[in-house]
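Two complexes come next, and they have one chain in common, subunit A, joined by subunit B in the first and subunit C in the second.
Right after this comes the complex of A and B.
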């Protein structure tokens, strides 16, 4: 019983680990935003930081970009996700996309963004493929495609990463809403595949993926790494500018950064409310559409659009990665040749030393954050069964909350707070900051399989005389090996991809593969970007391969577990 | 050693609505059949006896085994064996490991392999110790599950629709095996079933639950 009392507190500890830094960071943003920053000898409360912020010439455009890219990327991602599932769920094409989901998801945002940049720049693979025979270009045309003023390239990069996320979330939801029988009934009543799905299944699926959609909106509005790679430079997005001000040697600039962080937060909150309003409007229109009994709404065309978009998303990310790989081993590569004239390992050998060092740092941070996250998650889930806790709607909301608060809104405050408290930035704070983002993903990945485990196995084991701990360690966890390892891989990938927490909480002194890769964006050394982008991707994907293979090896003589 | 079980004025309710009221003696080697439509709370009674009643149920009454209340003990110290309609052999363990998991820890390490081999012989599965449970037939799995439970030396036997997944031929065979074993070991048995044939074969008292 002594042990029972100790795990009873794990859910609370988990919430603290997840939300503590977020709340502290937000509070730490408020004081400097109103001029109070003792660390820089500024103790006078004032609204001057906001006045300075509003006077900054790039402000209106930065605000507009945050809103437009956020709404555009989220609506497009949701639309593509819905079209793919509505038109193709249960088909062979869909299963191909489903198999690609996990690897696509684990590709770090920065690597995916670089890959897409390599494809679509005027000197990228797409232009090369059609030059000079079609376009007549002997030289890259002088048009700004990547880092365009309107942030459209950034939207493309975001959509490519968010569609797999929303697809995965929708797939989990589909299992709970009995989608197949609804589709059959709709078809029997004469509804087209897409129309029938939209009317019968979508409302229920959307109710389940609403929070993930909010996460996508908040992330798209405030991303830093994708914006540095694909977003406009002069002026940059609000979030990028916040990071610039934060890394300014002049501490006074932090006041303006804090003010901008609060504005970013308000923008996201306002946009979430607006989106919620949009949901209601769509719901009303949808209800009218159902009443009208329309059987088909260009279903075939929509199916083709959905498939086309799905293929574009998959090939965009995958070809982008291949392009990173080719650049990393390219010798001389003249325009408009599709492949380099020569191959060389020079880029790899030049960067190998630093790749190794930063790679070790990356892995250590990911290992620690993931280990803590998996332990806390298992503790929470086990406490749930032992003490009959149930996770309320509010609990699920708390889980998504750290993903919905823009990183640029609380991480600067966290750094300022650490500075004011005289805390050293370094390994432990970075691990704790990563934990904020790793925990929700690990929990979301592990909770369903953990709860779906047949508790009668536990009853049997208890009836055979095993204690609660015996049941957990000797029966439940071995049987759940595969999902536990998948959760580890998910946590690992989430940690490897983190840019801003590493940069800000690490004080720039803890370089990882991701911070190094993003730092290369300004330089434009494609070979170096190829090397780091690929190394980053490998670090994120290898655990997934291990999570797939290990259960097959360990349970190779156990058909009940290796077939699953 | 023979055991006598007394379900002493047990009442279980949920949301203020009473599901079960039972007061019944089960003698050693006797089978009490509990019958009723699905949803009438048959399995809930077993949950109470074994100690896994969900917290949204409220229950009063005692489960007296030879006069001592089982409810005072945690599940794993009650020595109440249970069989479900699924065999629920642990898929990550071999057949032998499943039996070893059940075999009382009091049996010395050196004697355990021999005890397991002997147990396998008893159920006609000699030499199956290293097999993956998933490669066994339905009837074989049911026998392993029964033996796994018996090896833990239970004092009471609960059957939760234990025969409903077996085909007719196997069902008679396994049912006879279970009832004979219970009689030989003088175990009181409570069987939850919706199949009158089960109750007829058991030959003991029948308790009907109603909605």
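Right after this comes the complex of A and C.
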């Protein structure tokens, strides 16, 4: 029973681990935003940082960029996701896309952005493939594509990474809404494939993926690594500018950064409210459209658009990765050559030692953060079923909260706070900071399969004399091996991709593959970026492969489990 | 500074893990304390050549002194300044995360101002005797006196890298660059200020356009608008002729090399006379790249290392700083296949063998000889750099 009491507190502990750093970091941001930064001898409370911020010439455009790129990237990602599922769910083409999902999802944002940047730039791979024999471009044309003023290249990069995320979330939701029979009935009533799906299945699926969509919106508005690679710089987005101000040698700029961080937070909150309003409007219009009974709405065209977009997303990310691979072994490679003059393993041998070291650090951090996250998650879920806790809507919302608060709004404050609490920068704080982002993903990935487990297995085991712990360790967890490993892989990928938390909380003393890759991006050495981008991707993808293979090996003698 | 140091030392003496910061004058005590220490050197990590050089320094100080060197790769040196500041604000006055910073200019001025540095130590290091303190500007950093709070390890001078396949002849002045860029729009750009190299371009342009540059050695005063007017006229004319019509800029220096290799631009600014040769050897530039300096000369300065006030391994850091000024490290840094950085040493202070090692270096196909480089022009006071970068950002950095 004593064990029972301790497990009772796990949900609370989990919430603390997840939200504590976020809340603390936000509080640590508020003080400097109002002029209070004792370190720089500034102890007077004032609104001057906001006045300075509003006076900054780039402010209107930076704010506008955050909002427009956020809304554009989110709407496009959602639209493409919906078109792919509506038009192709259950077909062979869809299965191909589904197989690519996990690898695409685990490609770190920075690596994907590098790859895409090289594809679409005027001297990039696409232009080289057609130059000069078709285009006549002896020299690359002087047109602004990457880092364009309106952030469109950045939107492309975001969409390529967010479509796989939303697709995966939608697939999970589809299982819960009995989509197949709805689609069959709609088809029987003469509805086109896409129209029928949009009218009967989409409203229920959207209700399930609403929070993930909010995460996409918040992330797109405040991303730093994608914006550094693909976003504009005259001026940059607000989040990039915050990071720039944070690192300005003039310490007073720290105040302006804090003020901007609060503005960024309000922008995200405001945009989420606006999006919610948009949902209601679309809901009303959609209901009218449903009632009108239109049987088809350019269905074939929409199917082709959906497939085209899906193929573009997949090939964009994959070709980008291939280009990273080619750069990592390239000798001299000038425009307009489609391939390098010569190949060389020099870049790899040059970076190998460091990749090994930082790779070990990356894996250790990911392992610890994921282990704690899985333990807490299992504890919560087990407490839920032993004490009949039920997770309310609000509980689910709490899970998504750390993913919706812009990282730039709370991490700088967190850094100061951890230091004043006497926590030295180093391994443990970084693991705890990663936990904030790993926990939600692990929880979301594990909770459904855990809850879906047939409790009658447990009843039988209990009837045979097993304790509650015995049931958990000897029956439930072994049967849930595959979903647990998938959750581990998801947690791993989330941890490997973290840039700002590792940099700010680790004090730079814990270089990981991701921090090295983004630092190298500043240098623009494509060979080094290629090497690190690939290494980063491998670190994120390997656990997924393991999660697929291990259950099949371990349960090769259990037919009912090996294909779970 | 003294009060702070005394306080820090007193605090160290009280704490159980006592970290005594050894007096730099007592070199034996320094090397003894350094043995077994780990030094976290925060240095810009954007250049693979520099990273490799720092890794080599790590191997050597580990062999000779038992010091473990960890290179913390920064994308911006100011990150390290922020870090030390955050630690000071949190009261972490001992064993901070950073033991050594590659630093100069505004970052040094900011840290020195805010009492964030350990020292003075530089002029107590044994190898200081080899340094050319008379002939090279190693005792002032952008006109700010170093006061021994940072120790020099490389000399840099502005050169322009040009791809002779598209731009055959050197351009002798900023006016000539404008003329060429107007005739060949879209083929020139510079890193976006406040990147130090971009700001350097602004300073270089200002110096080249002014007849009398003495005002620049004093801090910016009321004369700012008047002094910089020719620069902004020049920039107004130049900007529309730049790569992407000045609507986007490379974010760092090395990014320009990639643009030349991609045949997007033909001209780039560099603060390292040997960078082009090293980049050709590394396939980062076509072998048609060469360098030139302006007729009136170009800016030069020194790169330094400084030690934060709360370093727990200041002895180890001093050992590294001292090693960086050794003939061995300096010859290697000057080798264009490795780094191609200028040396801070006085050739007359070296032994015959050491001098011979320098003389034997082949500076590389795209590197100018010391005579061709000429005497470097002094850096303006750091307040000019800050004002120019801010002003540029307000004028061109937030286009429309």
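Throughout what follows, the second predicted complex is superposed on the first by the 556 of 564 C-alpha atoms of A that agree within 3 Å, B and C clash if a C-alpha of one lies under 4 Å from a C-alpha of the other, contacts with A are read in each partner's own complex, and residues count from 1 in each chain.
Following the convention adopted for this analysis, contacts are C-beta pairs under 8 Å (C-beta built on N, C-alpha and C of every residue); 3 or more make two chains touch, one makes a residue touch a chain.
Because the structure is predicted, anything quoted here is derived from the model rather than measured.
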item: Subunit C versus subunit B on the shared subunit A, clash or fit after superposition; value: fit
item: Which partner reaches more residues of subunit A (counting touched residues only), subunit B or subunit C; value: C
item: Partner chain(s) touched by A:456 [first = subunit B, second = subunit C, both, neither]; value: first
item: First, second, both or neither for A:560, with subunit B first and subunit C second; value: first
item: Contacts of A:388 with subunit B and subunit C, given as first, second, both or neither; value: first
item: Partner chain in contact with A:276 - subunit B first, subunit C second, else both or neither; value: neither
item: First, second, both or neither for A:479, with subunit B first and subunit C second; value: first
item: Subunit B versus subunit C as contact partner of A:180, first or second or both or neither; value: neither
item: A:466 touches, of subunit B and subunit C: first, second, both or neither?; value: first
item: Shortest CA-CA distance in Å separating subunit B from subunit C in the superposed model; value: 48
item: Overlapping contact positions on subunit A, where the subunit C interface meets the subunit B interface; value: none
item: Contact set on subunit C toward subunit A in their complex; value: 40, 42, 45-48, 51-52, 55, 70, 72-76, 78-83, 85-92, 95, 97-98, 106-107, 109-110, 114, 185-186, 192, 194, 243-245, 247-252, 254-258, 261-264, 283-284, 286, 386, 393-394, 396-400
item: Subunit B residues touching subunit A - in the complex, by the definition given at the top; value: 50-52, 54-55, 74-82, 84, 86, 88, 90-92, 94, 101-102, 104-105, 132-135, 148-149, 152, 154
item: Interfacial residue positions of subunit A with respect to subunit C in the complex; value: 37-40, 56-58, 61, 121-123, 139-140, 142-144, 146-149, 228, 232-235, 246-251, 254, 330-336, 344, 350-351, 353-354, 415-416, 419-420, 424-425, 503, 507-509, 511, 515-516, 518-528
item: Complex interface listing, subunit A residues touching subunit B; value: 388, 454-457, 459-468, 470, 474-475, 478-479, 481, 555, 557-561
